[in-house]
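A, B and C are the chain letters, set down in written order, and residue numbers restart from 1 in every chain.
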Amino acid sequence: MVNRELETAERLPRFVREVLLGDRMAGMAEPEPADAGLALEVKQLNAYYGSFHALRDVNLGIGARQITAIIGPSGCGKSTLIRCFNRMNDLIPSFRAQGAVLFEGENLYGRDVDPVEVRYRIGMVFQKPNPFPKSIYDNVAFGPRIHGFKGRLDEIVEGALVRAALWDEVKDKLHQNALALSGGQQQRLCIARALAVAPEVLLMDEPCSALDPIATLRIEDLMRELARDLTIVIVTHNMQQAARVSDKTAVMMMAEDRAGEMVEFGLTNEIFTNPKDRRTEDYITGRFG
Amino acid sequence: MSAGAIARERVAARSRKRTLRRAKEWPIYAFLFACAAVSIVTTLGIVAVLIEETANFFGEVSVVGFLTGTEWTPLFTEKHFGVLPLMNATLMMALGAMLVAVPLGLLAAIYLSEYAHPRIRSVVKPVLEVLAGIPTVVYGYFALQFISPEIVRFVFGGDTSLFNALSASLAMAIMILPLVSSLSEDAMRSVPQSLREGAYGLGATKFEVATRVVFPGALSGIVAAVILAGSRAVGETMIVTIVGGNQPNLSWNPLEGMQAMSAYIVQVSLGDTPRGTIEYSTIFAVGLMLFVVTLSLNVLAQWLLSRFREAYE
Amino acid sequence: MTGAGALRGVGGRAVLRRNSGRVFLALCLAAVLAAVMALAVLLVTVTADGIGRLSLDFINSYPSRFADRAGIKAALAGTLWVMAFTGLFAVPVGIGAAIYLEEFAPRNWLTRAIETNINNLAGVPSIIYGLLGLALFVRAMDLGRSVMAGALTLALLVLPIIIVAAREGLRSVPPSIREAALGLGATPWQTVWAQVLPPALPAMLTGIILALSRAIGETAPLIVMGALTFVAFTPSGPGSAFTVLPIQIYNWISRPQAAFQTTAAAGIIVLLLVLLSMNAVAVGLRMYFERTRRW
């Protein structure tokens, strides 16, 4: 029987581990230092919906504990790409992927790989907040419960809500229905829910597009906090957001045959001040898209 | 006449025609409203008819005696008017049917909503629709000629009566299974896909998504479906008449025959009961009970359904 | 177990979750299979019992004390007569009510009451309609135990179904068509009659056929309002006594002799064939009109 708690805890930042494990901490390894190589490596990724070629020859390296933004005009395949990182596209029957997405040396699309396990390690926050019609507590506890955490749910829930900067606002009403929260709070709840299973990578598919500007800024602050321990990939159609928040940016474009292509990838500063590809420049200066 | 005068004449004529047209149309609107009002007249008719004859009935029989009496012999010379044997039979057979149909129907609904490949759905759904469309007299035949001898007697021994509550329950279960299944499936499909995605994103398996997110999310719709199926089973007539037994029998043993409320009404109707007698009014009294029970269940189910729809729309 | 191999889900808990998922799927499939099997067994039983008894003689004879001479002529005729009149009453009233509710009714409490009422009527047990028919049509309106009284009773029974089906048909017509007609100066009724009703008719037709096929199988309300169970004649008019197919079948079922059970099975086959053809027509119509739909 794998001890899920210990295994998960190894991935958590120190302060959360102390909450969860207390004296069992003795003898555990220190977490790896920041800037430790690539969390995800995408190699020649091609994706199809039936006969429609959605992504063509995408190559990308997502740096660990960094925020990588994927930007591009509507329909260029950003959502398709990010959903390849946690096998969410599997839910669509006509989807097919070729190429490799490497995570800790293993191809996520390898033959024996269980998508359920992938999604346990790589979490996702969606565009429109989608809390379950249950209490706030049950929303956050859902992930740990299905993965077999029996005791200490209270602490895990609290830890996740703290990390998501929501604890102070909901600590007195944990058993209230989650749908009573505001849009921004719901999205932070969804972030807490994803954090509760301690993923190593957090994928965010346009997480702020349904929120007002103030809620958006709060979540951007939160992302910078989380990125100290977590790899974050964010899809956004808001270039200012990408510029504000990310360390690296990937620019995608739609080719003539409507397939999505990676046009340029590099440090955010450089992409926005000194883009190398003409299409990137056009997009950033608003000439189209 | 000048062109302008001609034009004015024409416009005046046109608007006169239009007002005339609209005025002449009011009988149409009145007819259409009357059509809609037929439904109200129907309900009022049902209530009036049931209450009037039941009032006659309660002129001679005490309400308390009716509702609590344990012997029902209105057709014998020594008359007892306790409705409990009939009520008990109806409820037992309905509950028995639900015990079988609800689990099976819910499992089928979850399968169709969450697991089934579209091609399989296109085969299974028509099968269920056919089951729902088979006349109840056919189910009665099936119960008498197959369920009773081949199943009930096979399991419980050859000297079990052919007419028993269990056979009626099993036949009714097959009949209401499609109702449970299709209404529950509708409820589950109303749960937004974004909730499922949220659960999958956390690493849930399909089983966990179906049972811990979709099913609870559709719960009030599903409960409404179950209640509607129960109401249908309570109101069912031909199956319980053919195979359930035609003697009132206050018993907990489903292997015995017992006469249900609707079966009693059929029994009297097949006979030669003159109007104005106490026996004639009994079928309305029993009918009123049946109506009240099914109406309450239906109203409850509709209320649950409206709350469910509010939540998701 | 982090590192290579962890993504395979080989830990104990992962296996447990996968297996419980598989067990659950098996249960679901078993349930579906049970339903399919039940239908199959039912059809096979009935057919096996009755097919031998089916013959042209059977269709052309009246019921008899002797099982081998009994036939469904009277019942078939009665069914046709009753269905014709049921349709005659229920279809116009049902369509009229649907048009009123869908196109003209104001959004007020009265309309909501009517709609709630129709929903409730759809759930009233059919035998109650029989009681209504008995007291109202047979006795109060003095129509006696006639085809007319039976048809009126059944018409009230299927009215909610027809109204719902007709409303669906009306809803399938896009609002733009109504706007176009009204914009040209047509009155609301002209709009409905000329522009909304014609395209809605196919969908309505399908629903109507399905409602009538439900009425054909109804036994209890007609027994209660007094259809006879032994009829050796075909109805001569809307005022005559009658029997219908399901009641005839019930009559045979309730006789102890095995030969009558066989006769009942034959009657059931005829009834199911009639239903099958009606449903096939409805489905065929639906498919035909889906194909020729212009939007």
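What we mean here is this: a contact is a pair of C-beta atoms (placed from the backbone, for glycine too) under 8 Å apart; a residue touches a chain by one contact, two chains touch by 3 or more.
Predicted model only: the values in this text are computed from it and were never measured.
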item: Centroid comparison with chain A (C-alpha atoms), farthest chain; value: C
item: Closest chain to global C-alpha mean, per-chain Cα centroids; value: B
item: Gap in Å, rounded to a whole number, between the CA centres of chain B and chain A; value: 49
item: Averaged-CA centre spacing for the pair chain C and chain A, given as whole angstrom; value: 53
item: Rounded Å distance between chain B and chain C, as computed from the means of their C-alpha atoms; value: 14
item: Residues within chain B bordering two or more other chains; value: 205, 208
item: In chain C, residues with contacts to at least two other chains; value: 17-18
item: Interface hub residues of chain A, defined as touching at least two other chains; value: 116-118, 121, 146-147
item: Contacting residues of chain A [partner chain C, same complex]; value: 1-2, 4, 7, 10-11, 103-106, 108, 110, 112-114, 116-118, 121, 146-148
item: Footprint of chain B on chain C - complex, ascending; value: 17-18, 20-21, 24-25, 27-32, 34-36, 38-39, 41-42, 45-46, 49, 92-97, 99-101, 104-105, 113-114, 116-121, 123-132, 134-136, 139, 156, 159-160, 163, 185, 187, 189, 213-214, 216-220, 223-224, 226, 229, 246, 249-250, 253-254, 261, 264-265, 268, 271-272, 275, 279
item: Complex contacts: residues of chain B adjacent to chain C; value: 18, 21-22, 25, 28-29, 31-40, 42-43, 45-46, 49-50, 52-53, 103-105, 107-108, 110-112, 115, 124, 127-128, 130-131, 133-142, 144-146, 174, 177-178, 181, 205-208, 210-211, 228, 231-232, 234-238, 241-242, 262, 265-266, 269-270, 275, 283-284, 287, 290-291, 294-295, 298-299, 302
item: Interface residues, chain B side, partner chain A - complex; value: 192, 194-205, 208, 212-213, 216-217, 311
item: Contact set on chain A toward chain B in their complex; value: 86, 88, 91, 116-121, 123-126, 128, 130-134, 142-143, 146-147, 190, 193-194, 197
